[in-house]
């Protein structure tokens, strides 16, 4: 996802320097006018603001704080924006390393996938140094359609968990509707259409509904990740003693789906957990 | 709601005859060009298709099957379209009376309230005689933005229950998100905004979220009605042995809200059931 | 169950008159010294107190209020005790008929099955005319080990529902323990033993646990009846706006079990609803 | 609890050597004939088998593996039995230290509190070295009424979690029964009695029911500990993808109770979470 984001910055006339573990992946960007440096450290040393988009917490840590990591090239007056989706702990650790150099830090996990990245329609859930947020706002506006500043580092991750908790419950409830409609003799495809017209219509329903009706779950967001986010959200709720009975019931349903071997399918496959069949013999 | 629907038909150049228990309510329509008859029977006798929009099952029964009811004026070649929201049993009873005259029947509960009625943006969930559905389709298109034909009489009511079941769970889950975000130090207003930007955005969240954040619940759909619909939907699920754990947990939450004295407030007040406070002393 | 109850009365030296639709079923009792009459009406006419034990509400109604029913033989100074398990409505209807003759009425559903009936170990949940309760107390003490007077007719049925609601949830929770223990590598038979030693030991666990571990569910109380009682209990809770989230979640689990085709097995078969297996292929 | 356990061993004629951080606590035992040593190390060095009963994981670790800890005095042919209730991780750590000396290790958390300890009625959930289990069996039989050997270290803790999970759900369900019975006009005290007579009677209900009816919750097992055990049990279930919808709903109820400020009361105070009151004003 880093590539389309960089492309949008280049197209907007910004001065961009790139690095990737696999240099060939940078070629398209270089041909569009980007400079290239051979390590995160060098990128950070030569730029005012460094953006990092990594696949997982380990890579995010390594690129920020590793041997030739960005922190080595940071210092007062510079800024580091991590748009990777990492857990709050990792984010706080990276933050510490960056701030220790005198630079500013912003966590900025994005909501949205490849297509919104290409179209400059991402949503940024940022947290950390407000002054850096103000500085990079024009850049975020090139890459995304909206941005939120949420205060302390860790709040970006928390906001994403809450959103994904609601998303998981909505999908489970939608699944109940589809399965119930079919059981009582209605056409679930029509339910998808009816819902799409009214106050509870949501892009997610329109996107996933038609394939769910066909029992197809092409993976956009794996079910096991949705279940993990529910678990983490329940932990978050637990930590502040906030009852969340719907999310708790929802989590159990995703666990049933996992037991059915649906972990790697799309999270919309949770509907299968509601399709109980005659399977017992005595 | 019958008045704005009739106005849209008149504006579209249709020949409209009206009746209301309180004649004065018909004056605006008459001044726009509508004819007036002094009973449902006379309306039915003078028109090809009769629409009925009543507030409750009792009135719907009376206007259709009462002393000077529409059935008295119906006969072969005519049609009766009941756009009231009534239960499946009432709908089937009215259907029997109408069909006994040789006329056709269509149940057509609408999704949408006063504003969509005025703007011709209603959604019709119809069921019954297909030939009548085809006949009135152009009229439904004047009054609404979409229409669904769902088969046997009773299916319109069932579809509405399923939709409202999903709606109730979505609202409960959204409430969990708002309360949890606040408890962990996030601004729930920002959650409303973040959700409004992404795949789970729904008009209902955008409409109700801002007032929910202020603990205000101006009644559009009373909480007790939402809870009643959840109960009926659970009964429907029970009748076909379909597990619906999310709706079951949701129903319990609305019951808690009712116990808090919130029956007559908007169903978004279900959020109050999640705001537990120190209230116990020993 | 009426037979062992009558036997205990005869053995205790009481003067007993019997009737059964199938006279041969009365022979053992007659040989023990019971008198026989050829209709409920005649039994009622010749006895001070008449006990009725029928299999279902229809039979209970017929024997009490039918053509040669007991009501025909009742009158002031007499009493009618219905120990059948019927719903509150049927009980109230029978009560009206009996009281209309000037006689007293007591509903007295029993907790306990055949073995406790033979051993005189039943539990009576009575409601209705207190004066009759006082009169028959010595007889109830012959047939049972305890008796409760619960006030108005209908309260006996309600008490039984509440007890069965708790029973259903306990069985579901016990099932979770058994399945979880096995999943984490513990021997579920040992869990049964451990539980049998401590504060949560219950005769039901000791009775059902060993066969549940072997996936055997010899029917004592059919699962569909347990699920029906949960549904009725949820309805009772609904009627007084009392949240019961555990019973609601429990009911969903029994519904899953019903969907697995386990309706006619013992209610302990609810454990199967928790044994999810890899069953999905794509 | 260590004191009454040691007393039972002394009364049975066993040769007992004791140590406690506060020596005065050992006086009664010494006056009964126990020897005294001035550190865990010395106790272990002079005895064949050493029992440890500590209040928390930290103390358990310190007494076993600290500066003058028991491990220092252990060696081949000796055994260490930890009857404290600690988590699986701590237990495994202590086990490693003990085994490193060539000695055997047994984790043996007990079910039962002070009174059963005095009466020699404890239940031991043991796991670890089977040979040591066989050796100490006669001693466990002096202190307890039953003992279970569960295999690998960690299984004792897991078994206790499963039992406490079922216990938590049973208490929540019992609470629903009490509250519902009262709401429909039955006397909850009578429900306690009825339950005590039948198949679902449990010592816990008989013990706690009467005070619950009076809204009194004298702390035997704090509510916050019950909720913590539910959370850990849900984590255990999560780790093996085992759905446990009843325990999940139960946990939410205990969380509500915690929010009501009931953390330090007895876990039977969970019933308060079901007593919703008119508390909302608009």
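Miscellaneous remarks
Chains here go by letter, A, B, C and D, matching the order in which they are written, and residues are numbered from 1 within each.
What we mean here is this: contacts are C-beta pairs under 8 Å (C-beta built on N, C-alpha and C of every residue); 3 or more make two chains touch, one makes a residue touch a chain.
These figures come from a predicted structure and were not determined experimentally.
Which listed pair repeats A-B comes down to matching contact pairs by residue number; over half match for C-D among C-D, A-D or B-C.
At the interface between chain A and chain D, over half of the residue numbers involved are used by both copies, so each side presents largely the same positions. Ranking every chain by how far its Cα centroid lies from the centroid of chain D, the top place goes to B.
After Cα superposition, the angle needed to carry chain C onto chain D is 180 degrees, rounded to a multiple of 5.
Our note on geometry: chain C versus chain D, Cα centroid distance of 37 Å, whole angstroms. Between chain B and chain D, the centres computed from C-alpha atoms are 55 Å apart.
With centres taken as mean Cα positions, chain C sits 43 Å from chain B. Residues of chain B in contact with at least two other chains: 237, 242-245, 248-249, 252-253, 256, 259, 276.
Those residues of chain C that touch chain D in the shared complex are 111-112, 123, 125, 145-146, 148, 150-152, 155, 158-159, 162-163, 165-167, 169-170, 172-174, 176-177, 179-181, 183-187, 190-191, 193-195, 197-204, 207, 233, 236-237, 239-240, 242-250, 252-253, 274, 276. By the touch criterion stated above, chain B contacts chain C in their complex at residues 231, 237-238, 241-245, 248-249, 251-253, 255-256, 258-259.
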